[in-house]
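Notes for the one structure printed next.
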Amino acid sequence: MGAIFLRGNIDVFFNLPSVMIVLGGTLAATLITFPLSEVAHAFRAAGQVFTQKKVNPNDVVRAIIALANISRRQGLVALSKVRTNNIFLKKAMMLIADGAPESLIRQSLRIEIEAMRQRHMRAQDVFRKMGYYAPAFGMLGTLIGLVQMLTQLHDPSSLGPGMAVALITTFYGSLLSSLFFLPIAGKLKNRTLLELINLEIIFEGAVCILENNNPLLIYEKLSSFIPPKLREAYRPEVIGARTDTQHSIAV
Amino acid sequence: MGAIFLRGNIDVFFNLPSVMIVLGGTLAATLITFPLSEVAHAFRAAGQVFTQKKVNPNDVVRAIIALANISRRQGLVALSKVRTNNIFLKKAMMLIADGAPESLIRQSLRIEIEAMRQRHMRAQDVFRKMGYYAPAFGMLGTLIGLVQMLTQLHDPSSLGPGMAVALITTFYGSLLSSLFFLPIAGKLKNRTLLELINLEIIFEGAVCILENNNPLLIYEKLSSFIPPKLREAYRPEVIGARTDTQHSIAV
Amino acid sequence: MGAIFLRGNIDVFFNLPSVMIVLGGTLAATLITFPLSEVAHAFRAAGQVFTQKKVNPNDVVRAIIALANISRRQGLVALSKVRTNNIFLKKAMMLIADGAPESLIRQSLRIEIEAMRQRHMRAQDVFRKMGYYAPAFGMLGTLIGLVQMLTQLHDPSSLGPGMAVALITTFYGSLLSSLFFLPIAGKLKNRTLLELINLEIIFEGAVCILENNNPLLIYEKLSSFIPPKLREAYRPEVIGARTDTQHSIAV
Amino acid sequence: MGAIFLRGNIDVFFNLPSVMIVLGGTLAATLITFPLSEVAHAFRAAGQVFTQKKVNPNDVVRAIIALANISRRQGLVALSKVRTNNIFLKKAMMLIADGAPESLIRQSLRIEIEAMRQRHMRAQDVFRKMGYYAPAFGMLGTLIGLVQMLTQLHDPSSLGPGMAVALITTFYGSLLSSLFFLPIAGKLKNRTLLELINLEIIFEGAVCILENNNPLLIYEKLSSFIPPKLREAYRPEVIGARTDTQHSIAV
Amino acid sequence: MGAIFLRGNIDVFFNLPSVMIVLGGTLAATLITFPLSEVAHAFRAAGQVFTQKKVNPNDVVRAIIALANISRRQGLVALSKVRTNNIFLKKAMMLIADGAPESLIRQSLRIEIEAMRQRHMRAQDVFRKMGYYAPAFGMLGTLIGLVQMLTQLHDPSSLGPGMAVALITTFYGSLLSSLFFLPIAGKLKNRTLLELINLEIIFEGAVCILENNNPLLIYEKLSSFIPPKLREAYRPEVIGARTDTQHSIAV
């Protein structure tokens, strides 16, 4: 079999109509299931998940503690001057600085987290559904090939090659599903889980700042989200030095 | 294979008894599972999902803020005069204007949302079940064809065409499932998720109006339901101008 | 193929040993899984679901409002004299009339609803499991047939008819599953969902009566369970007239 | 086919290596998945589920009401003298008699119920996993047989019997799964659901005794767990007579 | 068949390209789905689950009671001097000794438990996904073999051996899945459930220590997590003697 695989004529695996049936059918079913904008969004999300760096939750914890220090020394209003690229952290700080009621802050941030989770779930769902549709259309392509071949069967010796060609759509469908669509859906799910941890840290941190907890306790609570082996120790001096001067938080 | 697909005799794929077995069996199983009225409702819902425009959640947020402004200036009773085609928003405003206790308003609206979610789920379920039944009856049709063919087998040369015909019901069943029933079920599920967001915005907005929150905070809370990139900024003057004069809310 | 289906010898599909393998195996596996009494109950429930009329939730709402009127005019004790065939409504009214503490009433009714839901789920589960076992034993029957046929294979020409006979158990198993067991399981599930809505209306209605809410608000709350298009409007005079005289509620 | 089944040589279905592959593989995979002690426990539980009688929930309700009467007449301490084989009921009575705080009693009993539910779930899981592994190893055995047969293929006439032998492992695997492992898993699940109802009755009953509810209301609440048709009516005199004299509760 | 299995040429089952397709494909799909660090972590976790001893929950209960005794005699601050290898217990004692607010202690420990559960779930998920990918790539390998074989089919007598070789990847994929990946995933899940019980005991125990419950009641509550047959009786003297002298807890 090594011989077959190595010496085998690999041309037989390139077959445009088979590709068209599998990809076309999968795309058609996907575009009935989801609006085009969501499919496009899912593909963008898939692109980002392989290029964007993960945010280290230790950095998020450190940022929250820095913000807690600012709010303890300069008052909650000082949080409005913080610059950050993280829009969720930005919103949390703005609501606190604006003096919004605690229940409204909690609810708004919860809604943000839940809405974000749902959007990410829909992006995964696009790839999970494609991972389901692709083998289905692969099998449909094989059925088309078999029916055509069996109908026009005059010469038994052509049965082998005909069958080989018919099986290729099943091969494409399964390959696309097992090597691309389902792994990407899984990747998106895993990345979502990690991002949710960072959002939860910000949420719990915002609550701690509102309740004016001391930074060491904030550290104890927030670091619970991080696996013990990856937790950075609590170093108040570093944190104070780095963020007080510029009020700019890099998360 | 390109040749096969392109030159292939496409007539072989039109076969009335096969269609009858797959569609008839699927319909029979579906009508045992669901009352006729629910199947009809599911098909109507499927028709609407491809023709009706989605309501933009930004419009819902803007409408709620407009209503909050009305209630702050003219009192809660003024909400009873609001005209809107959205029956859920209408009910919420009527209950508030009638001075119903807050707990009853919350519970009534929650029941509405949950009951609506269940009804939509049942409509999806009709198509999901059809997506399951169709390939099952496709396979049953193929079994019928195979058994008949094998029983009457006198001439081995007729085996090919007979098998081709028998496989067509499997083809129909899978095609109907993968290209119509399951994508439509998915489409209905996605649309339900979007509609639920609008209902949740109205629910949270009604609670905010009851609690007399200020419009900017209402905007902060309700816009949390919308993806950050699609959020419209808060523009109090536009909102005030457009709705105060006519008391008619287009959502 | 039309010809095959129409002219085909239908006798080949009647095969007693095949029926015995599929039905016997399915029944054996089902009776290991469930006690006989539960299987009998599930079949009775399946019989009822196709013969008993659904209770219209509008009637339940109207009954609750009538009872609310009785309790407001004649006191909670008057509810004990109400005659009704609905044992859940009867229990609710009896507990209220007996002056049981509100928390105990709520908990008792919640337990009733949940216990009823679980019983109905078990009845569905009987059919869902049968829908799983039937194709499994169909396939087992085909394996028995194939093994016997292949072992005794002397004459290749008998292979076709032998295979046809072996495939019939698969046909039976799939047909029973897709046309009977699974649709009945689905039917039972859908009926349960509808009955639960009526129980929830009674539950919420009993709470409203205990809290002495006014009938219009009770109507607003309870009608939320009903799809907007099917809701009957609130007509206080009809309701009062019909129930006050006889104290007999038909739900 | 009747002839095949009835006259068929049944010897072909006894094949030791096939049994060894299916049972050995299933056992190996099961013992990797679960510790030996859990597998042994699951088999003991499966043995008991077919031999032990179910406890009638009516008896449990009656026992609780008897205990409520004892505690009302003789004080909560009297509950410590009650003899019963039900260790959950024993613990509940002991905690009440010891004067433990209500919240601790509730939490302890909840933990007992939940821990018991999890243990029963793991026992079911052993059989459910075996029900999954058995057909998988059946198919693996068939693949082994096919590969060996196809490799050594010199004489086409031996293809039939060889295939028959290879298919037997698939037959074994599916039969074990569909007739033993999965039905036993289902049986354990159903028994667990019934036992949980009895535990819930004891839990709610203990709460009622703590709150000193009157016996009729306790009956109304606890009998809600029982299907209406199977409920025993409330007979205070029988209950009083039987349990007061000996303080021994048979549940 | 015994003969086939025993005398069979076992060499045919060693086939390097087949191994490469199945393992390579599975690994590729897994590394798209998960970051390399998580896959490595999952394999480490799988190694530990077969080598590390389970912690007996009775020991955890005994340790908690010992700590409760220490805190009752020497005050909560004494808990800070306790030495233990269990980092979760250590954190709980440190937070209590530091006088952190009860709500923060509860929340921190809850977050620890939930974060640990999620990490363990991801480790299982690695193996569950591999258990799914392996048979998929096994089937893809067989399709490659079949297509190549059918394309180059000149001599029908080579069909048997060619097919045998093609089937071997399916065999590998299923074997890896059913004998390694899925059982390991199940093992990890079961171990996680056991570890979670120990964490829950520590959590509930920490709450009891905070609430200054007496040791017998703590025993009653915490032993509820342990199956009745495996519970160790409460022996206050043993517990006191062993832990008071050295303040070192072995859990």
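Letters are used for the chains, namely A, B, C, D and E, taken in the order the chains are written, and counting of residues starts over at 1 for each.
Here, a contact is a pair of C-beta atoms (placed from the backbone, for glycine too) under 8 Å apart; a residue touches a chain by one contact, two chains touch by 3 or more.
None of the values given here were measured: they were computed from a predicted structure.
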| item | value |
| --- | --- |
| Partner chains that chain B and chain D have in common | C |
| Rotation in the CA alignment of chain C with chain E, degrees, nearest 5 | 145 |
| Where chain D and chain E are represented by their mean Cα positions, the distance between them in whole Å | 25 |
| Separation of chain A from chain C, taking each centre as the mean of its C-alpha atoms, in whole Å | 40 |
| Multi-partner residues of chain B (at least 2 other chains) | 168 |
| Chain-level touch network, classified as line, ring, star, complete or other | ring |
| Cyclic chain order when read starting with chain A and heading to chain E | A, E, D, C, B |
| For the chain C and chain B complex, residues of the former touching the latter | 1-2, 4-6, 8-9, 12-13, 160-161, 163-164, 167-168, 170-171, 174-175, 177-180, 182-184, 186-187, 190, 193, 197, 204, 213, 217, 220-221, 224-228 |
| Complex interface listing, chain B residues touching chain C | 15-18, 21, 25, 28-30, 32-35, 38, 87, 91, 95, 98, 100-101, 104, 107-109, 111-112, 115, 118-119, 122, 129, 132-133, 136-137, 139-140, 143-153, 162, 165-166, 168 |
